[in-house]
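Heads up, the next two complexes both have subunit A, just with different partners, subunit B and then subunit C.
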Partner chain A sequence: MAIQTKPRKFLNDPADVVKESLAGLAAAHGDLLRYDRAAQIIVCKDAPRAGKVALVSGGGSGHEPLHGGFVGRGMLDAACPGEVFTSPVPDQMLAATKAVDGGAGVVHIVKNYTGDVLNFKMAAEDAADDGIRVASVVIDDDVAVQDSLYTAGRRGVGATVLAEKIAGAAAEKGASLDKVADTVKRVNERARSFGVALSSCVPPASGKPIFELPEGEIELGIGIHGEPGRRRAALGSASEVVDVMVEAVISDLKARAGSQVLAFVNGMGGTPQLELYLLYGEVDRKLRAAGVVPVRNLVGSYITSLEMAGASLTVLQLDDELTELWDAPVHTPALRWGV
Partner chain B sequence: MAIQTKPRKFLNDPADVVKESLAGLAAAHGDLLRYDRAAQIIVCKDAPRAGKVALVSGGGSGHEPLHGGFVGRGMLDAACPGEVFTSPVPDQMLAATKAVDGGAGVVHIVKNYTGDVLNFKMAAEDAADDGIRVASVVIDDDVAVQDSLYTAGRRGVGATVLAEKIAGAAAEKGASLDKVADTVKRVNERARSFGVALSSCVPPASGKPIFELPEGEIELGIGIHGEPGRRRAALGSASEVVDVMVEAVISDLKARAGSQVLAFVNGMGGTPQLELYLLYGEVDRKLRAAGVVPVRNLVGSYITSLEMAGASLTVLQLDDELTELWDAPVHTPALRWGV
Partner chain C sequence: MDATTVTTWMREIETSVTQERDRLVQLDAAIGDGDHGTNMTRGFAAVVQALSQDQEAPPGRLLILAGRTLVSSVGGASGPLWGSALRSGGRVLGDQATFDGPQLVEVLAAALASVKDLGAASVGDKTMVDALEPAVAALGRTVGEGASLADALEAAAAAAEAGMRSTIPLQARKGRASYLGERSIGHQDPGATSTALMIRALQRAAAASS
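== the complex of A and B ==
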């Protein structure tokens, strides 16, 4: 297979891709957020809001709309974007924490990657030194592998989106720091994910695929940075692929029969919506056959790996409180309803 | 370049991809719409609504979320999806028209492709025979080429999304058949688009790219089915590409200096959001430099060509009425605000 010598991308200087994209996000959504170029963070326009618990997340770029696209009302108060597939630094996290603390404390939502976890830990300690109360919760919902290239323990993937939405709604309703942090934890504990890839993505800096997947093969259990999954296999039908995804998620979730769930079919960036809805049809049917009932769903590319072709399934076991928080109004660039 | 022998896609039988995707859309959004499998149409759940003018659009599949993803409240009442890149047949259009007519008439929004125009014309005549008043408006906003492989005259592209939203809001407010049709016409007259491609897409049935674009080249003026544009050129920087797009659109639009516009940066399906917002930043800046002011924007993949890497720019010259209709509530799978 030919390696592209020039990436097929809209770029100026590849070193500036993240900064320029964040500037564009702020230009498009100035009613919701601002880009602090010096601190390299995206901040909700009306932050800090006195008395409201604030939510901060962040991680490497290349997963858009995660996280900057989820800053606004009813979700994140700030996002710290690193370079592509690279953890942000503690200074960004500290700046974001200071920018959004309204006196009620700040929840850090941290995907379980070694760099992110370490850096958020340092930022939380620094914030505490400055008198800001911080509660950190690590997301590790990916059932594909126990440890990975970049993690001790499971990786944090699709549940991050759901936790940000649901805990953001709790904070909007006036929940305490402990309660908001507990809501993130509950979403993480009740959610499981599994992803598959049909192609690599191409990071802008290198312009080269980060792995090679021979024609007709699929990587089962892929991570969001192209980290290897459980195994490669011949690419079967969509129905067969969904069988693997549903089995992996449901067997680990151990949901009681008849449980109400939110089913999140996520595109990795390069899979067209035509296919994502085809997958959702299979997921919906197979979840019901497995004894759980998808009463809410989300279908689209929300936590991506640049232009990777692939998809992930996240299943969240709902209860009345989580359902109500999911349904609550949200207004961000990438998720919006009720307002 | 190697031709893939097996498409990197989530598929069961390639012949069923559209049907299965529509079934998935309906499974995910049963609160908004239903899939009539026999008639092969997507219909708003509460259609027909007595006294409301109804909007129907349709065309080949592979452009999702267009059109099925825009069925709901405040936008389309029904969509007729053909096979991938293939016009729907008149029977689908007639069935959709009958399903949504609430006595106030039906507007057909037709993208300017020969098959679509002919088939919608036949359906409108048949509907008239059944006593349904139909007004048809053809969208032809693409400034790239005067005629093309599939059109006499300009192609209909991004303005379709804006017309469906804006005219849908007019219908929701109780506008007459003439007024709703006139609103579609006004959007079309005041909008211009220009698209570029960095790669081909791969239709599911053939599993092969529909054109070859050598490494490091860009197709300027691409259509949404891979139809050739104005020319191929060396892929320059994002800034240079946006210069071409903005110049093509603005020189044709002839907007008065200081005009307020809606700027729509659309992804073709395979371009990550990281790049789309980078493009939006360039577009916003260059439009202002060209003397028009983007007071509204839309950034995302709304009228796609499967997984083609590329983007299009649509600029709509607003007035107070169009702005108010754009801002009005909408609730569809792909566009939602105010509700």
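== the complex of A and C ==
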């Protein structure tokens, strides 16, 4: 048995990390949201809002600011955080759904992981039993996973953030349940992502890195749970890495030449903004060279994997409606403009 | 077998997954996200706690309660999968106070059907089904041949363990390990491993109550 070393993390009891972090989020942003400790959910302060379609998302913790940091005006009405990298349970999703339903129905935004899909499915059935209309949409934008009979299907990654923002704006404008759900679907269908990692990450409960990456190597095609990617390669220059990311995303997106896109360069938690903007510069140039025009962008760490060093690229093919919804005001702990 | 068998089974599982927690975490870290040991330990601690507050219930009701507790406390994929499995198994027994070998076969067959239905997995996908299906088959066969319950459960536990080992050379086609493609080959599936622990725990629980 190896000697247990203390992880280099700010913890009291590792078993309480999620609850204590959520309490801190509520302490910092009491003007926007509240933390229901018993149900372990984050709820928009003025929910439920009569007549407004509500948006609920959730998933394992460790991806902050996703999802709790996106609760507020113009985005999510509630978030259900599970344990670190573990899907929340149906009880949380049901409690969140009941807390935010304003009579117009609730959209569940579900990232495509077996656990998330199964638990949200059970919660949606329970909510229907309670007379709440729920529309569930699964996000699966990760091109690193072959979507075939031989996998659990593509993972939900960066497009989740964009879908929550854009569909949240649609709900804010008074769109119907079907329309809001359809907006989530459209974002998912028009977005593709690809991630890379330069290090693993350390879940608080185990205190050990999920995998070891030798110096000078890069994991290509990673998800957001510290899991290894599809293959490992020698770490090249930033320009060479972006070549791989842009090629993976663009070849799958099959956007028409001249298409207007939103380019989202996301940090995995351990990569500084210095490097993320360097990556964005490369992405912007290479997308234009590939024939698409980044007319909107988002650069920062929004869907993370604890302290993993790495980045993902999401490209969303815009149209007028999606652009307008993206530009609409949003006021949450992690995304804020137009207010 | 009766309600005590079920409570003992759940306690044996808790002991077993707690002892093997680190190994389950390591197996899951290799091809998943490293939370399986933690989740199973948390879930079965909650199950033992819930069952200790309901001493009077018949075995079927206890299995349903155990299943509900897993769904409410585990999360991930194993929560709904094992939760539904135990609930389906419990419903087979209704309110009867005792059950025999052939009924145990029906309980586990219902559990297996529920897992396969919810998870859409088959033998060979590198999942818990690779351990559970051969265990149910071995139990059904030996009970059908008139073997003692002790022998039948030994055969079931051995079949689950063989099934668990059979996942090593497989490429995962379900769950998070499937994202790794060929890199999942050579690793034992954590879900099949905890399933084998659970069938072994059942064998010990039945031995203790006979």
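Simple rule for what comes next: the second predicted complex is superposed on the first by the 330 of 339 C-alpha atoms of A that agree within 3 Å, B and C clash if a C-alpha of one lies under 4 Å from a C-alpha of the other, contacts with A are read in each partner's own complex, and residues count from 1 in each chain.
Here is the rule we go by: a contact is a pair of C-beta atoms (placed from the backbone, for glycine too) under 8 Å apart; a residue touches a chain by one contact, two chains touch by 3 or more.
These figures come from a predicted structure and were not determined experimentally.
Participant: Putting subunit B and subunit C onto subunit A via the overlay, clash or fit?
Facilitator: By the criteria stated at the top, subunit C and subunit B fit after superposition, with no clash.
Participant: With both complexes superposed on chain A, which partner does A:27 reach: first (subunit B), second (subunit C), both or neither?
Facilitator: first
Participant: Classify the contacts of A:89 with the two partner chains as first (subunit B alone), second (subunit C alone), both, or neither.
Facilitator: A:89 contacts subunit C only, not subunit B.
Participant: Once both structures sit on top of one another, what is the angle subunit B-subunit A-subunit C taken between CA centres, to the nearest 10 degrees?
Facilitator: Angle at the centre of subunit A: 130 degrees.
Participant: Mind working out whether A:168 is in touch with subunit B, subunit C, both or neither, as first, second, both or neither?
Facilitator: Neither partner.
Participant: Hey, is it subunit B or subunit C that touches more of subunit A?
Facilitator: B
Participant: For A:113, select first, second, both or neither according to whether it touches subunit B, subunit C, the two together, or no partner.
Facilitator: Only subunit C is touched by A:113; subunit B is not.
Participant: Between subunit B (first) and subunit C (second), which does A:61 come into contact with in this model arrangement: first, second, both, or neither?
Facilitator: A:61 contacts subunit B only, not subunit C.
Participant: What is the minimum C-alpha distance, in Å, between subunit B and subunit C after the two complexes are superposed on chain A?
Facilitator: Taking the overlay as described at the top, subunit B lies 18 Å from subunit C at its nearest C-alpha.
Participant: Just which bits of subunit A does subunit B share with subunit C as contact spots?
Facilitator: 84.
Participant: Which part of subunit C faces subunit A closely enough to touch in the complex?
Facilitator: On the subunit C side, the touching residues are 25, 29-30, 32-35, 38-39, 42, 71-81, 118-119, 171, 173-176, 178-181, 183.
Participant: Name, in rising order, each residue of subunit B that touches subunit A in their complex.
Facilitator: Per the touch definition, subunit B meets subunit A at residues 1-2, 4-6, 8-12, 17-18, 20-25, 27-28, 61-62, 64-65, 69, 84, 198-199, 215-216, 235, 237-239, 241, 269-282, 284-285, 297, 299, 301, 304, 306-307, 309, 311, 333, 336-339.
Participant: Quick check: in the complex, which residue numbers of subunit A touch subunit C?
Facilitator: Where subunit A meets subunit C, its residues are 60, 82-91, 113-115, 118-119, 121-122, 144-146, 149-152, 155, 203, 205-206, 208, 210-211, 223, 225-228, 230-231.
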